[in-house]
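Note that subunit A is present in both complexes that follow, paired respectively with subunit B and with subunit C.
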Partner chain A sequence: MRHDFLDRYSRLDSPIHRLPPAVKLVSALALVLAVVLLPPSRPVFLAAVAVVLLVVAGLSRIPWPALLWRVILLEPFVLGVAILALFQPGGWRLFLILVARSTLCLLTMVLLSNTTPFADLLRVLRAWRMPALLVTTLSLMYRYLFVLVDEAQRMQRARASRTFTPRRRWAWRTMATVVSQLFIRSSERAERIYAAMCARGWR
Partner chain B sequence: MSAAIEVRDLRFRYGEGTEALRGVSFSIAEGECVGLIGPNGAGKSTLLLHLNGLLPESLKGESSVFVDGTPVTADTLHEVRRKVGLLFQDANDQLFCPTVFEDVAFGPQQLGLSEAEIRERVTGALARAGIPGFEARAPHHLSVGEKRRVCLAGVLACEPSILVLDEPSSSLDPRGRRELKELLRQIPITKLIATHDLELVVELCSRVIVLDEGSVVAQGPTVELLSDEELMLRHNLEKPHALRHLHPH
Partner chain C sequence: MHIPDGFLDTKTAVAAGALAAGALGLALRQARAHLPPRRVPLLGLAAAFVFAAQMVNFPVAGGTSGHLIGAVLAAVLLGPSAAVIVISAVLIVQCLMFADGGISALGANIFNMAVLGGVGGWAIYHLVSRAVKGLFGRVLAAAFAAWCSTVMASVACAGELASSHTVRFSVVLPAMAGIHMLIGVGEALITALVLVAIARARPELLQPDEATEPRRSYGAVVAYGGLIALGLALFVSPLASRWPDGLDKTAEVLGFKDKTAAPVLPAPIPDYEVAGIHWSTLGTAIAGAVGTIVVFVLAWLLARVLVPNTRREDTASPPGGR
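Take a look at the complex of A and B:
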């Protein structure tokens, strides 16, 4: 995973990027709500939402492959749930609608997060008086995702540099060690971060 | 007048049993710049955490640490933390906000300042740290040197009267180190600098404290102490290059 995978496109310059973050957040939420609540008997609605999203995507100047790749990465979660629909009579139709709806919701959120810097979204949430603890947690999560990715990457490299005969069973075992190490390091880091926050007067 | 920092027979043992500090005593006068040196694991970082009351176990019982005469206890924590600005070793621990502005503004916000005052403090602190105009940058996209400066700005924005720095010059390139020394020289407040960078100590600090295995093994004027080759080698240190020659570098 590349370090800038998360927000490589959120600072581009396009009509969509220039919209106020609050407007984008409201529209995205409205679209998601519409997709979820519209009657499933009328697939035309879904098609209309799809067209809107595709126009927005075109205007945003985010490269199509990048957009597609991000949606595909999230798709397994959708399919995992939707597949359950196949086990009931007439499940195919339900399955398709579930997949279509979830994919549209995903596309909306992918577009939102790739056209708006995360810090701006947080500012909107703060302005809307969302609970401070929630906003702080989100902001810390975003910030340390990068540190975590970096750390995982460093450990990966260090491991690779001493792996001379790759064997699958070993690979899995070392993977488990890396994951547990990452967990321990993160919790120790969390303590140090908390200390740093306290040092500057957090209460 | 009471000392800026006074530590009297400070002892600390970590939960898992490591005895990190075994009776440390020293005092730092207002306006002094003091170097804290010693081998890895000597207890330097643990000592610095005490100056901000950051180890909850240490707040129980009688305090051995005094800041401007105030004992560091659970009741005086916020006052002490406002006075003592602490720069952490790992910049990633200290930069926890999504933008530089928010990070530098964190301290002033906790002080309850107004929007305008916060903005003013952030602009001022970034300028003093040598990175004016960095407000909108994302901390995770900065270089190590820039991160270190943002951390420094974050501490300066709280306008502390004492600056405590943990390895401020580690992993900086030579130019970054030189510029950092210049920045620190221009900050006229009391400073305690824990570091392995003995050249920095020679240039900035008038006095040093040598810590080893949790005890102060020597303290005194910088040049005198660091020139004592036997003492330096005994504690995994060395006589800095700058003290070997008389010609200027």
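Take a look at the complex of A and C:
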């Protein structure tokens, strides 16, 4: 099973990784809110946040290319909206500020997710009294995400090895079959999980 | 359509967050009250399914590809309240694990895609599939609802960006709505194809049961409707009309107006009295209305092609009959 595309670096060992997850979540939230709320008329502040983030990134021992790549992968979403700002008078300034701010927030969240295993974040959310049903859903989702992504890839590989020349006309129908099979398998799996949970005395 | 951090100002983020929290709370309450325990794990699995299904790429012309969004598919398969929980879970994981969608915009993203996309889409699905019976009706309703839900979510997204004074409504509405009218066609097609494939393989998964067809709980219907109407009234209607921005006014009354100065960029043109804006809004509205009719007809044709014989499918496909 190949699941390193998800939180690949979240289990490294570094001073940042060793911090309690609650501290990391709160400080990430605080940083994002500060960047979003503070008036952008003072670029010095944004630069200060950038320095803090770079220091954290350095301490966390996450390889720089990986970090950079993650941020670049997400940048199109930011640019897509920010570009619309160029279509109005004085838009370039707004554009730069939007991009700078969003990139800093992106870096913050990428650092958070790559230094904190998701299960730890969930534990914090549970301690913060997030509704139990939502936390259960989130943790089941996280647990089976890898399984289902893997299953989807396996089905696509099987399909690719059987369809000699994929014909465009049928491509969508085939893909839709993959998705529908994925749903059927997930609901069957849910039944089995429910039986297993009951067998272990759930509720 | 995931709004990143830094694009919404305080009042919009707070208002959308409150609406999203209200709707999610309502969905969780509904689920706790009506969802049979055996379906609880299905919520988590369905969220993982939506996530994994979004990674299956559908080839579109020119080497690009699209993917399922899944709000209406989840609502059709699991019911509206479960869909809100499932799509919210997907958005929370995308935000916390992938930094896809900002954490300060999480409320807005949940409101747009889970609440408006899921519940709004389900309402349309429910109305249409009531009017047109059988699998044909369901496929037609799901395809049409999938398109509507995508477009509605993008319009709300545009409204939120505009009421944050990030981008002018006259710019962002045609851009967002235009792109998502096209994306919505893909979403409708995928939703219909997946639904038909599930109906062929496992028709019993599509049988209505108490979880997907909630007993008439008028309270929940009114509450969802109220939240959605409030959201549209706050984010979209002020920008399309000449009325003063209700959200700005509220922020002023509550006294956190100066804090919302966050994007203190002097809004290039602070009010909406420019003639061109109304034309562009009107133009988008007309295009939207025409598009809706065209899509309904297309959805009808699509359902006809996918479900050729209504009568045979009505009596649930015989076992082993595929």
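We adopt the following convention: the second predicted complex is superposed on the first by the 160 of 203 C-alpha atoms of A that agree within 3 Å, B and C clash if a C-alpha of one lies under 4 Å from a C-alpha of the other, contacts with A are read in each partner's own complex, and residues count from 1 in each chain.
Rule of thumb we're sticking to: contacts are C-beta pairs under 8 Å (C-beta built on N, C-alpha and C of every residue); 3 or more make two chains touch, one makes a residue touch a chain.
What you see is a predicted model; the values in this text were computed from it and never measured.
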{"item": "Which of subunit B and subunit C A:70 touches, first, second, both or neither", "value": "second"}
{"item": "Which superposed partner A:119 touches (first subunit B, second subunit C, both, neither)", "value": "first"}
{"item": "Touching partner for A:189 - first (subunit B), second (subunit C), both, neither", "value": "both"}
{"item": "Partner chain in contact with A:199 - subunit B first, subunit C second, else both or neither", "value": "first"}
{"item": "More subunit A residues in contact [subunit B versus subunit C]", "value": "C"}
{"item": "Which superposed partner A:42 touches (first subunit B, second subunit C, both, neither)", "value": "neither"}
{"item": "Which superposed partner A:139 touches (first subunit B, second subunit C, both, neither)", "value": "both"}
{"item": "Subunit B versus subunit C as contact partner of A:81, first or second or both or neither", "value": "second"}
{"item": "On subunit A, the residue positions that both subunit B and subunit C contact, one per complex", "value": "7, 118, 139-140, 142-144, 147, 189, 193, 197, 203"}
{"item": "Subunit B to subunit A touching residues, read off their complex", "value": "49, 52, 54, 77-78, 81-82, 85-86, 88, 90, 92-99, 102, 106-107, 110-111, 138-141, 154-155, 158"}
{"item": "Contacting residues of subunit A [partner subunit B, same complex]", "value": "3-4, 7, 117-119, 122, 139-140, 142-144, 146-147, 189, 192-193, 195-203"}
{"item": "Of subunit C, residues touching subunit A in the complex", "value": "2-8, 10, 13, 24-25, 28, 31-32, 37-49, 51-53, 55-59, 68, 77, 85-86, 88-90, 92-93, 95-100, 102-104, 161, 166-168, 171-172, 175, 189-190, 193-198, 201-202, 205, 259, 261-266, 268-269"}
{"item": "Of subunit A, residues touching subunit C in the complex", "value": "6-7, 28-29, 32-33, 35-41, 70, 74, 77-78, 81-82, 84-85, 87-91, 93-94, 97-98, 101-102, 104-106, 109-110, 112-113, 118, 121, 131, 133-134, 136-145, 147-149, 151-152, 156, 168, 171-173, 175-184, 186-187, 189-191, 193-194, 197, 203"}
